[in-house]
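After this come two complexes, each holding chain A, first together with chain B and then together with chain C.
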Partner chain A sequence: MSDWIEACAADDIDEEDVIRFDHAGRTFALYRSPEDEFFATDGLCTHEQIHLSQGLVMGDIIECPKHNGRFNYKTGAARGAPVCVNLRTYPVKVDAGKVFVQLG
Partner chain B sequence: MVIIGAGECGTRAAFALREAGYDGAVTLVGAEAHLPYERPPLSKDAMVAPEAPSIKAISDAARLTEHRIDLLGATSATSIDRANRSVRLSNGSDLDYDKLLVATGATPRRLPLSGLGQRCVYLRTFDDALAIRAHLRQGCHVAIIGGGFIGLELAASARRLGADVTIIEAQPRILMRGVPEEIATIVHEAHAAEGVDIVCGDGIASISNDGTSVRITLASGLQVTADLAIIGIGAVPATTLAESAGLTLNNGIAVDAQLRTSDPDIFSAGDCCSFPLAIYDDRRVRLEAWRSAQEHGALAARNMLGAEEAHACVPWFWSDQYGLSLQIAGLPDEGEDTVRRDLDDGAFILFHLKEDGRLVAASGIGPGNAVARDIRLAEMLIARSAHPDIGALAAPSVKLKSLLAA
Partner chain C sequence: MTVTPLARDYSLVGESARRAVESGLAAAEWYHTDIPRKQMKELMQRSDGPAIRDTAIWLGLLITFGAAGAALWGGWWCVPFFLCYGVLYGSATDSRWHECGHGTAFKTPWMNDAVYQIACFMIMRNPVTWRWSHTRHHTDTVIVGRDPEIAVMRPPDLLRVVLNFFGLLDAWHAMVDMVRNASGVIGADEKTFIPESEQPRAIRIARIWLAIYLVTIALAVYLGSWLPLMLVGLPRLYGAWHHVLTGLLQHGGLADNVTDHRLNSRTVLMNPVSRFIYWNMNYHVEHHMFPMVPYHALPRLHAMIRHDLPAPSPSLWAGYREMLPAFIRQLRNEDYFVKRELPPTARPYREEFHSETALAAE
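Moving on to the complex of A and B:
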């Protein structure tokens, strides 16, 4: 298993929101759910390589800012046209107010 | 189930029939030889891609097969026999239907002048895009007739390839239809800064061509000579088939809130139909937009299966030019008052409100996707007929999401 990478402080992400996290030449999206849990996915929409971090989080859905493709950010499942390819997800843990991601 | 038109709308409808659990035959009839593809890139990425572009398929052949969608490409419908519920195809065969969806889209409005020749072109299909692309090169001169979205996006693409560009718009400003002046000004300035020559308020008197160049004479007497003229003066709904079948027309094929035509077994959706928009007291509109084509396709499919669901969407539209992206939710001409919200990096949003404070539209422009999230939230507020606090709309520190909870 790969290492846990410290990504940000838990308070950097508002509830039901998303931020961008870049690491080692790759880009990711980190989410905080309305239930105050944290999740991570690849940062770019599978439709047209748009940063999901500028999209809107609603419940357990992230919606791409460009063409409204939707994913469940907890599972990565594509949830509506125009997206049909799932989003990769990554394990996340919170420790002492810091968010860690296992990027693999 | 038979769907005529394999664009964004018809293709979406075909998949939506399966998503709704329909198990019978689905036939998608498309006039083009390509797999169903996305049109928005045609004026943008397909023009400037360093390598010869390929279509951006909505669905590959495997996914069509998996969903048992029978695509008849390079085939058009020539007539509808409503009494026998059958469609005559260009290959001479007949296709019976239980329910029919007409999603024939729109075609470019033609410039009603003679002398255009082969150097005056239109953009609608992938093949059109390839033909235009073949002409664009460093130092060539392109005249773009029409300062609407297609023309402006093509102007931006042509500039990126190093072409000299002149835009000719008969109206007093670009983007007269549907875009507030404050936003059109930003777009105009961006083009001017990139070296595009924009002529507004001047119509076209005549066009002549000598086979290798086009000479355009404007009403003012100004002359523009170009290697290529691209005409982007709007689109007209493709209604020939519907009209000959005797379906009611009204700025396109007239449908009700469930996208049903005057024949209860025939639905119509996308650019070719006009429909009552519930959020504006059933104002009848016809939209030419990618997302509404999708939403229409999905809704028509459900209603073909008997859902009896009314259209409830807010129109939404975007355009990309240079590094700028513009997004509009709702129809700004519904608004009587405007509230401006300034975001970072020069991005801003205009909220369009009725006199009683109801939010009816929002339009924004900025670099990248700077306005996307707020426009999306505005769209949700519009859908709810919200009367948001004007101070909160104007204050970027107030999250629009907080207004949704109100």
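Moving on to the complex of A and C:
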């Protein structure tokens, strides 16, 4: 199992929003849900490699900014055209106001 | 420097398509005006209210005009009612299909899906095929060989443009596509942008539509009257003119093979009736740059970024005065396009991909 990577401060992400996190040549998206929970997924849409961090978070949905493809960012599930392939998710924990991601 | 651009091949499986992929034009990163995240989030927020109001007005008027036209059928008084009905059927559905396809018109997904299906039927665009073709249109806007939705190819076929004001060629092609899909065949071009897993759905919908049209035709024959077809099908012809009038301006006469929507898209200020029919798609540069912004927020987006865009055409008339001479010049030199001046506050156009065509246009 990989180590936990410190990604950002919890306050760096607004409620019901997403930010980009780059690490070791890869890009990820970090989310803060309306229920104040934190989640992480791959950073690029599985449809056309667009950064999801520019998209819109609505409840438990992230919508891609280019073609409006939707994923459930909590499970990674694709939620309709034009996205057909699920998004990979990663475990997240918050400790002392910091967000940590376990990258596989 | 002498520039001899290669001939344009609009097939999605042809030489231009291959060159676009090789050169990096396909699926490229496009220019965006910088907008602070907080403001962008506000602009992207979804709401059911405006679209429910507009859809109620649209369907209410559609039913009213259709019923009045049918009641007055046989006399000249039905004509103005059918003219209005036709525009609401054969033109307003162009923008409803479009906005609901993006999923931005309503906040509630099933409302987007319901209006999308209704509008697709009326505008004769298979909801599966056109969802995917429009996805490609946004990935590769006016990239020759990649964009399946280029309305006016170069050199312009002006007869085709005129005929489409009456929906003639578009509806004919839509019918041919529907029959082909209904028979279980997905075309070679369609296969380039519709995933295999989605193709059976395109076929199923084509079969349902074909059945509806056959029933309508049978009813017309049974009644010995054109009335059923005046209500279903023919409005796509006699009501198409408004969506062609507004739609041609979206990209007509502007650059192709560029990755800056300010070069290949046009924003046109227009009257409130046309904006209702068109659902604010006159803010077309803004829509392409930020497709997640709902139609009702586009005027706010326009005000926020106009410092970075060419000045909008002040009217439909002004737009045509710019576009039509460009079409005429493209008959002689298909590399010509209108390169619109940016204000001093704007960042310069992206030059990476359009230097050759820009030279050819001068």
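Operating definition for what follows: the second predicted complex is superposed on the first by the 104 of 104 C-alpha atoms of A that agree within 3 Å, B and C clash if a C-alpha of one lies under 4 Å from a C-alpha of the other, contacts with A are read in each partner's own complex, and residues count from 1 in each chain.
By our rule, contacts are C-beta pairs under 8 Å (C-beta built on N, C-alpha and C of every residue); 3 or more make two chains touch, one makes a residue touch a chain.
Because the structure is a prediction, the values reported are computed rather than measured.
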**Q.** chain B versus chain C as contact partner of A:N68, first or second or both or neither
**A.** both
Q. Of chain B and chain C, which one contacts the greater number of residues in chain A?
A. C
(Q) On the A-aligned overlay, A:P82 touches which partner chain: chain B = first, chain C = second, or both, or neither? (A) both
Q. Of the partners chain B and chain C, which touch A:P91 in the superposed model: first, second, both, neither?
A. neither
Q) In the superposed arrangement, what residues of chain A touch both chain B and chain C? A) 54-56, 63, 65-68, 81-82, 84
(Q) Per the contact definition, I'd like the list of chain B residues that touch chain A in the complex. (A) 12, 15, 38, 58-59, 63, 290-291, 294, 298, 316, 318, 368-370, 372-373, 376-377, 401
(Q) If we count contacts the way the header does, which residues on chain A are in touch with chain C in the complex? (A) 17, 47-49, 54-56, 58, 63, 65-68, 70, 80-82, 84
Q.
Please output the residues of chain A touching chain B within their complex, sorted ascending.
A. 16, 50-51, 54-56, 63, 65-68, 81-82, 84
Q) Mind pulling up the chain C residues that touch chain A in the complex? A) 27, 40-41, 44-46, 102-104, 107, 109, 131-132, 135, 138-139, 195, 197-198, 290-292
